[in-house]
Amino acid sequence: MFTHTKKLQHPAKPDRPDPLFAKKMQEILGGQYGEISVAMQYLFQGWNTRGNEKYKDLLMDTATEEIGHVEMIATMIARLLEDAPLAEQEKAADDPVIGSILGGMNPHHAIVSGLGAMPESSTGVPWSAGYIVASGNLLADFRANLNAESQGRLQVARLYEMTDDKGVKDMLSFLLARDTMHQNQWLAAIKELEEQEGPIVPSTFPKALEKQSFSHKLIHFSDGGESAEQNWLKETAPDGEPFEYEKEPKAHGEIAKLDPVPPYVHNTLPGRE
Amino acid sequence: MFTHTKKLQHPAKPDRPDPLFAKKMQEILGGQYGEISVAMQYLFQGWNTRGNEKYKDLLMDTATEEIGHVEMIATMIARLLEDAPLAEQEKAADDPVIGSILGGMNPHHAIVSGLGAMPESSTGVPWSAGYIVASGNLLADFRANLNAESQGRLQVARLYEMTDDKGVKDMLSFLLARDTMHQNQWLAAIKELEEQEGPIVPSTFPKALEKQSFSHKLIHFSDGGESAEQNWLKETAPDGEPFEYEKEPKAHGEIAKLDPVPPYVHNTLPGRE
Amino acid sequence: MFTHTKKLQHPAKPDRPDPLFAKKMQEILGGQYGEISVAMQYLFQGWNTRGNEKYKDLLMDTATEEIGHVEMIATMIARLLEDAPLAEQEKAADDPVIGSILGGMNPHHAIVSGLGAMPESSTGVPWSAGYIVASGNLLADFRANLNAESQGRLQVARLYEMTDDKGVKDMLSFLLARDTMHQNQWLAAIKELEEQEGPIVPSTFPKALEKQSFSHKLIHFSDGGESAEQNWLKETAPDGEPFEYEKEPKAHGEIAKLDPVPPYVHNTLPGRE
Amino acid sequence: MFTHTKKLQHPAKPDRPDPLFAKKMQEILGGQYGEISVAMQYLFQGWNTRGNEKYKDLLMDTATEEIGHVEMIATMIARLLEDAPLAEQEKAADDPVIGSILGGMNPHHAIVSGLGAMPESSTGVPWSAGYIVASGNLLADFRANLNAESQGRLQVARLYEMTDDKGVKDMLSFLLARDTMHQNQWLAAIKELEEQEGPIVPSTFPKALEKQSFSHKLIHFSDGGESAEQNWLKETAPDGEPFEYEKEPKAHGEIAKLDPVPPYVHNTLPGRE
Amino acid sequence: MFTHTKKLQHPAKPDRPDPLFAKKMQEILGGQYGEISVAMQYLFQGWNTRGNEKYKDLLMDTATEEIGHVEMIATMIARLLEDAPLAEQEKAADDPVIGSILGGMNPHHAIVSGLGAMPESSTGVPWSAGYIVASGNLLADFRANLNAESQGRLQVARLYEMTDDKGVKDMLSFLLARDTMHQNQWLAAIKELEEQEGPIVPSTFPKALEKQSFSHKLIHFSDGGESAEQNWLKETAPDGEPFEYEKEPKAHGEIAKLDPVPPYVHNTLPGRE
Amino acid sequence: MFTHTKKLQHPAKPDRPDPLFAKKMQEILGGQYGEISVAMQYLFQGWNTRGNEKYKDLLMDTATEEIGHVEMIATMIARLLEDAPLAEQEKAADDPVIGSILGGMNPHHAIVSGLGAMPESSTGVPWSAGYIVASGNLLADFRANLNAESQGRLQVARLYEMTDDKGVKDMLSFLLARDTMHQNQWLAAIKELEEQEGPIVPSTFPKALEKQSFSHKLIHFSDGGESAEQNWLKETAPDGEPFEYEKEPKAHGEIAKLDPVPPYVHNTLPGRE
């Protein structure tokens, strides 16, 4: 169960409205790696965790914080949208700055949300739960989380470079720090799990049942020879076996011919051409 | 540019048709972490790589192999669908086995693809490019790749447990091995990059510009005390600073009140209630 | 069965082309609450109505009119797109007005539809049937319809404020009037049904089977005390019982621990951390 | 900012596993009118509210509770999935009950989430933010909320009828009660706003600017005469004007002919046929 | 503008309910090539036609008929759903026939639509306007239409083979006939346009501006030699030039190396590996 | 199985960066008829082909080439994005040209992909496998392919007209030529199949089972008389029967009344109104 306090975790106040930046900032709210994604991903991972309470708590703590990050960004976007030149009388078609705002704003901000945040990306695509994962395997999922925090921090850093609004930069610098922490924590938790289970997910699948002659082979499917020069090829693979290199890919299967199916399926009959 | 050989990389021949398993196998073809996802993700990462040719080659080699994995699974699904009891005369309503096949098959296999594979998940949702990422930052992307190979291998392992068809198991054991290799290779490449750049993505963003007092703090947003018992909390964080623990979350921002916008936006006027 | 007359229900002629406004107008054609949504929603509600012929007729009448509204807006958009500066020779990069049109147009209008309307929203997202509902319960669905006409009229009003084209305003003022009528009619039909069934949907579910001690309680999940000041809290609830107020939310359930599942699911084994 | 307690708001414990019901229950978790939809809709409406603090609080309180409902249902689904007959050794193909479970389960529960809840509907479609709305106009949005609670309670009632599991029924009877309260509260708040603003959204758009001769006219677009028999047609419309009835729809516009566009658009040239 | 008659274009009455077939029949209602797709595709093509009134009429006539086909199928599905064994008391878990119905039904039919049709495919995916096209070029679009009617008739034929319900078969045999007509009409109209314009779309693009040495060359990107045996290779191509055959594909471009971008984009710096 | 060469099939080098054109070019990469669509469509058609090896080869050859076209366009887009004015210091708000670039760029190019190509359309919608088809019936599918190549070439031609960059035009003129070839080849293969099977898909469904009186009738669902003037109406239909014309559409079915369903479905009870 959750409770809410009306105060934000960190201030979310721009120095001045900027409807074009509001559009861009939607990416870290409702894009593939926005805050809705991490909030929902951690919630579902937490709720699906079976019998590892410390990790479940870590997930729920982080998830709960992330809902508050969605709140901060939504508030920031709503404020960036104030004073957008929407009404006809404000549109001086010969003012190029207003012109590029009118051409560049997310029309949803004007027409749908009444100058509020939208649960969508910077291109106006609604957030989709197809972005997230909660697999029941914590090592797999913490890798998903490390990726999400890496992509997320990268996007926040890029937005930081694209504005000179001190209020916006202040909030982004807080998000950058929390993303640093979250990368740190997932890295630490991954290390802990890898030390117990080994690096290959899922660790519980018996090695003997996989075709082990293919488990350490870098196969070269291209021309040129740069692939072979990976430095790590000379080292032991993370799971303890030596890497191998195969310069020419081999096709071990036969030509894939399919049998015909009954005529009532109304496929093309065999023998056409 | 690409070329094709008609032989499969590995045999894809089931012992007998099994339309219900064909439906399930769609997940590793066209689901969130199916082979289309990794093929497309590696292709776009490779094509977007700027000035790191060895990594670009690694990405293109792996991508090219994965297109061949899509091919193997598509072939397997087409063969699992042969002999599905589709026509009315084959439907003995009183045969419960046929009944559960008819009730459980993916209807697209019967109606849309004529007993062929579909570019969709095990629940019949079309593959979406919203699943993949190519960010231009290789450390971020290799983490995405490690996650994809971990989730993917987990799903293949689960499918392996759900069938006793030796032909299907043979192909899955090959895919398990390649997923092992791909986890190994991304782990090795990640280690290499982390040694050059440090563990926090993006490494090029100046630390001084983030709010560093929040970069190592685990904040407890829940009741109970289990979070605090994470063993790694006592260790140095991966980026070299000590972790901190904050038992009570603090709201550093103010209550988020928004200003009204002009009446021509037709929002609810302030003062209602 | 349907028939068509070539004349529009109302004129759809702008005074002059305006490709930027054409992009915005897509929202009321193919957005979440555009005319495709109401047309399709009323059609499916009408087709699914069982044994209430007067309401079925009302739905089919309104649905049929709405298909004609889609037609009017599609025609208007096609005309707003005429004279868009597409060809290279027309692009004077130093003309800022043309520049902002080129930057702000929906590229689908230029590349995909050949200056015609698209079945998509103002951000270029294809219309989705996930927007609509036809539940078989008319009171529930008429509330959906009242909402759709309210959101729809709000969006039309906002568009009206954003243009000074008299032809566009003329068509919008017709749509505003029809949305007024449709709000009026769903309000009237809702009142009629509520008088027969009571206000809680579905009315046919026995009250005794719900946990009635929670049916009138406003629970305060936040800090501060403003929630308690809702004026209506002092009144009888619409279903005839008194409202209650609970200042502190209570967790009536236990801590949600899940049991482990068999090892062949390859989840993280219990006891990790 | 949000905080979390580990206890559930209400118990979520089934008497026994039932993987088929777990699939159905996904609808009220991640379907169009599931708990994710109401949680997210209320959050965005609350965050976008400008200057009406009491309503903002009401929205945030209800939103925060709904996140806890997502939690309860996710927990219930995870428990309904325990003991699903996934592994090959458990599959006695000649046991029709197991057969129909295997054919009828959501394959994502077995392959993707490791017997946990998914953020998707009962047909396995990922939740989409395209389901929700936050318009900045509270009367419009409270109507959206009343609709969502009506559709939601209807779906919960239907699920209640489809099981005899006492634990499941217990949780559903709690959700039914909360949906009753939420219908009551939105009805009360709507009444309050309508008394201040009148029933037509948006109330702030000047009546004189819409084509008022069409604002109260029921137009008959079908054959037969049942439409005319709506009882409410004889009454005053909710906005205070008399209803009218038009038996034959009139086309007030001209035939919609479009002008040709320049040849470089490569549309079909005029004059073909 | 459209009008509606309450009678169906053709009877839509099954001999008996069949909820499993109702699920399958959703494909031709709301799937990629269902009746919603053709109705909407023809409507948008008609509305976007500029200056070719005879073709515009043909499109509007066919579109208007297709809306009536959606109506027929929706009605049929609603009737196939009657008597579905939904309530708990009807579920004899030991009756395998009921078991496979319960496992195999589309859960939306039970929970969302109250035993009515849904605007979605046979796998429960909402219809998307991303399925359709209206390009402004009639030859391109008539080819889209011919394809849609071919895929559509194929799907109807497959459904026809999967049932022995005479009422269902009667309606399907009507739809098959209309799909025959629509294939005939688009074939005839395509022939007419090709005779005026030639076979390559768009015909108005100057041949001299394309790299004509590649306009008739079949390039062999695979091993083996079967490709070369296409009979039509020896004939003149449809646009009047001879076909050519290239046994080995040539890469005419250089190796695709990209330049680095400024450091503030936070991509991986060049020189890593 | 596939292999890759590092050289492009054709050069992909613009004369100068142009971020706005990069956004537009996304349409032919990841839009409905972009190169991803044709590559994936041909792959799945090839993999699903049963017993017609020459056509399977043709499909695989063309598919393999198309993956290389995706590569060329992705490379071109990455180069068009170089030098985009992203960082704050480059943003001279008073420079209207930079202003319209900033307002008009796809924000994903700046924030998500780090100035690389995205697998999405020109409006930023992720590519969806819902765009493609592989039905098992080659005549149906070759018609889908002819349509895809027609829409695709039309879009490339429109892009060609919208730029004066010689490098971009050079690559587009190559794509135009390949689309000409692909139209030629599918036209030739269609002709071959039609000569063997006749023009109506599927050819294997017995004519006697369709309602033949409706198989050649153009039904006029509109007013006016232009439909009747189609020249081809006077000719024999492509399948060898005469066309007919029906001036007034007839409703052959009854009024579509549905029976009520049991009360536990909680639909509106019959008799309301």
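Note that the chains are named A, B, C, D, E and F in the order they appear, and that numbering of residues resets to 1 at the start of each chain.
To be clear about the criterion, contacts are C-beta pairs under 8 Å (C-beta built on N, C-alpha and C of every residue); 3 or more make two chains touch, one makes a residue touch a chain.
Fair warning: this is a prediction, and the values are worked out from it, not measured in the lab.
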Inquiry  = With centres defined by CA atoms only, which chain is the most remote from subunit E?
reply    = A
Query = At the interface of subunit B with subunit F, does the proportion of residue numbers present on both copies reach over half, so same, or stay under half, so different?
reply = same
Query = So which chain is farthest from subunit C, going by the mean of the CA atoms in each chain?
reply = B
Distance from subunit D to subunit B - Cα centre to Cα centre, in angstrom = 28
Inquiry  = Where in subunit F do residues touch two or more of the other chains?
reply    = 1-9, 32, 47-48, 50, 53-54, 57, 60-61, 64-65, 71, 75, 78, 86-87, 96, 99-100, 103-104, 112, 114-115, 120, 123-126, 128, 130, 133, 135-137, 139, 154, 157-158, 161, 192, 202, 205, 221-222, 224, 230-231, 249, 251, 253, 256, 258-259, 261, 264-267, 273
Ask   = Which residues, counting only subunit F, touch subunit A once they are in their complex?
value = 1-6, 47-55, 86-88, 91, 93-94, 96, 99-100, 102-104, 106-108, 110-112, 114, 120, 123-126, 135-139, 192-193, 196-197, 202, 204-205
Key: subunit B contact footprint on subunit C (complex, rising order)   = 154, 157-158, 161, 230-231, 264-266, 273
Query = Once bound in the complex, which stretches of subunit B touch subunit A?
reply = 5-12, 32-33, 53-54, 57-58, 60-62, 64-65, 71-72, 75, 78-79, 81-82, 86-87, 114-115, 125, 128, 130-131, 133, 135, 137, 139-140, 143-144, 146-147, 150-151, 153-154, 157, 160, 173-174, 176-178, 180-181, 183-185, 187-189, 191-192, 199-202, 205, 209-222, 224, 226-227, 229-232, 235, 237-239, 243, 249-256, 258-259, 261-262, 264-267
Message = Per the contact definition, I'd like the list of subunit A residues that touch subunit F in the complex.
response = 20, 23-24, 27, 31-32, 96-97, 99-101, 103-105, 121-125, 154-155, 158-159, 161-164, 221-224, 249, 251, 253, 256-261, 263, 265-273
Ask   = Which residues, counting only subunit B, touch subunit F once they are in their complex?
value = 1-9, 30, 36, 40, 43-44, 47-48, 50, 57, 60-61, 63-65, 67-68, 70-71, 74-75, 78, 112-120, 126-130, 132-137
